[in-house]
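Two complexes, one shared chain (chain A), two partners (chain B, chain C).
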Partner chain A sequence: MIKFPGLPDKSKSLLNDRSVILALLILVISIALSLLTPAFLSSRNLTFVVTGMTYDLLMALGMTVVLLLWGIDLSVGSVLGLTAVVTTMLLQDGAAIPLAIGLGLGVSALCGAINGFFVAYLKIAPFIVTLGMMSVARGIATVLTSGYFVSGLPDAYKAIGQGRLFNVPYMVYIALVAVVILALLLRNWRPLREAFYIGTNPEAARLTGIRVAMITMGGYIFCSLMAGSAAIFMTSRLSMGFFQFGLGAELKAIAAAVIGGASLRGGTGSVIGTTLAVFLLALINNGFVLLKGSPNAQNVIMGGILVVAIMIDAYRRRDRDEN
Partner chain B sequence: MQDAQALRAKQAADAGLLRRFSLETLQVGGLALAIVVFAIIVQLNFPVFLSLPNINVMFVNFLPEAIIALGMTIVIITAGIDLSVAGIYPFSAIVVGLLMLAGLPIPVAILLTLAAGAVVGAVNAFISNKFRVHPFIATLAILLILRGVNIIITGGSPVSGFPEGFAIFGQAGIDMGGFTLRYSVFIWLGLALLTGYLLRHHRFWRLSYFIGGNRRSARMSGINVERYLVFVYMLSGTLAAVAGIIVASQFNAANNSYGQNLELRVITAVVIGGADLNGGAGSILGSMLGVLFIAMIYNAFAMSGISTYWQDVVVGAMLLASILLGEALKRRRA
Partner chain C sequence: MPPALEAKSINKSFGSHRVLHDVSFAVQAGEVHALVGENGAGKSTLMNIIGGIHTRDAGELLLKGQAIDPADVWQARQLGISVVFQELSLTPNMTVAQNIFVRREPTKALGMIDWQRLNADAQALFEQIGVEISPTELVGNYSVGIQQIIEIAKAISFDAEVIIMDEPTSALSESEVDRLFGIIADLKAQGVAIVFISHKLGEVFRIADRISVLRDGEMVGVTKPADSSPDEIIRMMVGRSFDDLYPPKGVVGDEVILEVRELSHPPLFHDISFSLRKGEILGIAGLVGAGRTEVARAIFGADSYSSGSIALAGERLDIKSPREAIEKGIVYLTEDRKVMGLFLSMTMRENIVSAALGRFVGALGILRHKEIAAESGRAMQRNDIRPRDDLLSVNSLSGGNQQKSLLAKCLSANPKALLADEPTRGVDVGAKVKIHQALRDLANHGVGVIVISSELPEVLGLSDRVIVFREGRISAILAGDNISQAEVMRHAVQ
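After this line comes the complex of A and B, so read on.
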């Protein structure tokens, strides 16, 4: 480990670690909820919570990688909608299930590749590129369906989202596997290690011989693919496709990733942090539902937690001067 | 030899044309040209397009975006961004409505609402300054909070039944025979001319270009950047409140669902108008043309038999095209 002067030594003070704070918060809220309402700890409710957070989790993981690269992806919600529409329409027309899923994911990868190409090779601000893609992808999804629901999906397809193993939907296991794999890759796989470097200082990374453009493009493709996977799970679980799926999901994903430790200035972000953040938000949401509170407060809570996360960050950075 | 010389002369002439005008002039001019061409094409196919009543409809539909874009332009010039406008907009519509229903006189209700918008803007700037976080994140947090607050204070149902005098801000206007030229159009025009003039000629307002272009040297030359940003975000919040008040008057109701995705529409318009998200560039004229362009696209699609669903695709594609064009111009000049 190289020690940088001026940077706080994270290994020494546990409380400085974002994941620990989030885990503690989750513990506190879980205990409070289980004391307040017996329904919380029922396996049915817990399954409901983890199933509901799967889509958000997948998208937040993709966003974490993009934020790590000093980028941003506003198009994930629209890509989710487009993938949902394309996949379900193909199925409705009688396409084989693997083919429909493959083409659906192909469409999302293409969106990501276009984003990545504009950002990495044409050097256009990711905010604008993905803002454009957000409009275009949502627009195409709308045009394709004329605003109608796509239903009549084959049962075998619905099984992907509705099938259960030990009474827990398959998609929860798949999401967990994705978390573990991504966490390991982020720690050990060279291109993703290099992503930290790219996010911190792209120019220096380029001069060191890191293939900045290629890795950046890969990050955007990955992010879109995660949105595409969320679309597959969502459509198979709800037995339909709709062009408005994923509306506003991009801001939620960004908020979750930032609460989990990512920064808009690039170079930081953690898979575990993001996962815990999504879980925390899902728990709070669930608490509101169980306690018959206004479910509308969830946005307030999310914004509030984001502000707290910002403040903790500022506290951690207090002895470093930025800008 | 002759050819080479001619080529060089031609290149010099090309470069001269590119260099003679500032980047801003080229971008705004290009956008104006695109608007004229687009208008002519649509007009040839749909003769009502440029009729006064239809132009009036375009104005009324995009008035909130146009007013909010004034503040957003200045925010973006300072290298910032303000997502919270999409929260302030319905929030102020609701607040002004609730205050009037509570029996406050109309002017007091409006002033309090404008102040509320300014306070939200100040909070944005405070979070961004104090915790040194990108304004995107600070204003995102406030946007999420306000969206929730809007639902909570209204209980999810629309607020309506405002006093009659309130209609003057969004409904009433001068009867032009066939359509009503609403007073709200003059509110927008006045604000646009004022901010446009100040941003071009007033020393204090022009500091925003300096701060956005190079924050470090702005700070070194003694400008209190943090305090300036408080002013800029307060301005943006206040303008969003103006738009909210107008829309509440226009529909004689306030609903928490107003302004979905409005922030991104406004940013798109401002960027199409030549503002640079990295700061230091942008103009009120450009932003207003950007809003006009988007308004025209939406209007044309609504008028034509083509599915209106194409409008989002076209707006997104226009955004990318205008950026690519701007980049290409910048590179040729460099």
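After this line comes the complex of A and C, so read on.
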């Protein structure tokens, strides 16, 4: 049987089975929602869904790369919060916009580099390292703001998240471009191809001459940078920074990546799968809101979906390993 | 008296693929019954059915004449059938004693485990079979060879009436094999029935009372060693004969490819000096644990060494990682293909080119997939890997083809010096011949090849010169056509 992902081959379709299943699910839910409530197909609602999923998408893409490397990053939500706070505080103090964004992203990259260094070079379990970072980053964000909102942002900055082209926010286009680029890189770029080897068998990868530590560290930096980018979009769209931004985002990102085809046991992951999974989760959320479900029950559903996704992953892995 | 164990007309298919067809097999109490056949002939499947791992589609299992139907390994063991697995079933993070008595720990009041007795029982077991292994050491700290002995001790500890050993010697050195055979003789004297699965016909003829031959899922015949010969058995196994297992030796050049000087890393190895010449196959013999693998890994940069020097084609090297070694042209073929060599769930193509991606990368690190596909196709052809579809995952291949894939992976890195560690471990005769030929072809093309092997006939048949390791030191460097197994063994143990 042919396992996905293999090195791309012309005879192989761009979509794997899982993507087809996800696309069908999306179609079914969309049809159901449009029949159940006319509000679903309104352009206002659709724009709302697509915009809202941008943050999740960016973070799920980063998570896909980390899971591919047989890692996990629990700190993405906190890194989002920290980046949001740092960037907006700099802007409030009158820093130039590129400088504020650059420093904000720099902080997120630093968080990723610290995660990556501990995991790749000091060989500490990623779960522990990123759990620590989750607490530290959120803690710093809290201390910096004393729990207050950061507002008073320049209009030019707000335009990043609020500007629209054809009535769709810029950031949606940017996220889609990120999807396409990452999908191409994951198939064709040597370091990311090598990530598949690392995630499948790190010791064999080392003995094969692959720069395991360097690529692993790069994966964590990339993942944090995606969380940082989400923070820029979120703060500019909402015109403020807040230390609680991104709370619980790691769960959504992990759920989406795993539903999309990544395994907690490394070695697999698909950009298209992750993208479709993010969209699917966004639709489920939206349906919940439109059908007037209790917002409190939403977390129950998200958690349930995550557990089911991981269960499916476990069964799939058993099939793979038993071979 | 009925046989200790009898399998009657066993049938088994995996999907549409029929693995066993009407296979009958019997072993008597106090008998060593060897089961031989090429990889894929169905030996392991038959034993897995007897041991309760697979279920049969049709047929009967009789233990001392009583029909049995073991549902899993545990039940089979309770019935008195113990399988020593080819793939070790030990947990590296637990101690030796904990592994042996898992699920059978002696208890004190309130179900608390009696650790003292647990360790004492393990100690007694090792004394009974005459080996020195610490019950309280973690299994992961022992070499694969010792782990194999622990695995065998575990099987014995069940007071089994039938012990099935699946390739028990594939990771053992000659002296460890002797010790195992002593253990087998003791068990036999106690009336235990032993099924001995092996590719090594020399061992089979030494130990077996009867030999059964499987080919393509059918029982081809049962014979006694005295009435047969290894050649005849090979003919029965493959349906044809192999005139020569080893390719003719080549012409060794004068040019030194790899020069190792006084390499030391106490306590693993000391003062290792040798030179490998262009076109040469240099065999390294010695017991498991003599430091052979450790030296090879140090040369390859996989582990560090304390002092000494390594030079490739006259250039002094300071290699700190396998990546640097591969860039320079030193490639190591690992002894443990599943754990350290192959990416099992990935495709053959991805495996074959994994060490050579640098050759197929264009601007900005973008891979050239057409060239990768072409290289992989050539390697599949050259190494005769089957099935000839490089988009299949490696774990769907037989052991022999996996090993050929591992060799193909090493070769695609274009080595100047290849360090092959147990290059034919656990593969069938056909694949063995192919791998030997491939190594000799490589040498004939000017590559220096080091072959580390625990199979003396292989080292002697393949090598131009033989280095013998003993306790981390080189005890002899032998050359010439008439090196004898006895001579090598003498240097390995004395």
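One rule holds in what follows: the second predicted complex is superposed on the first by the 279 of 323 C-alpha atoms of A that agree within 3 Å, B and C clash if a C-alpha of one lies under 4 Å from a C-alpha of the other, contacts with A are read in each partner's own complex, and residues count from 1 in each chain.
The rule we apply is simple: contacts are C-beta pairs under 8 Å (C-beta built on N, C-alpha and C of every residue); 3 or more make two chains touch, one makes a residue touch a chain.
The shown structure was predicted, so the numbers you read here are calculated from the model rather than taken from an experiment.
Touching more residues of chain A than its counterpart among chain B and chain C is B. Of the two partner chains, chain B is the only one touched by A:I254; chain C is not.
In the superposition on chain A, A:I310 makes contact with chain B only, not with chain C. By the touch criterion defined above, A:A39 reaches neither chain B nor chain C.
When both complexes are overlaid on chain A, the residue A:V20 reaches neither chain B nor chain C.
Of the two partner chains, neither chain B nor chain C is touched by A:L176.
Of the two partner chains, chain C is the only one touched by A:N201; chain B is not.
Residue overlap on chain A between the chain B contacts of one complex and the chain C contacts of the other covers 323. Residue ranges on chain A touching chain C, taken from their complex, read 1-3, 6-9, 12, 188-191, 193-194, 196-197, 200-201, 203-211, 267, 320-321, 323. Chain A contributes residues 72, 74, 118, 122-125, 127-129, 131-140, 142-143, 146-147, 248, 251, 254-255, 258, 263-265, 294, 296-304, 306-307, 310-311, 313-314, 317, 322-323 to its touches with chain B in the complex. Within the complex, the chain B residues that touch chain A are 81, 83, 127, 130-134, 136-138, 140-149, 151-152, 156, 215-216, 261, 264, 267-268, 271, 277-278, 307, 309-317, 319-320, 323-324, 327. Of all residues in chain C, those touching chain A in their complex are 300, 302, 321-323, 325-327, 332, 334, 339-347, 349-350, 354-355, 357, 361, 364-367, 369, 372-373, 391-393, 395-396, 409, 413.
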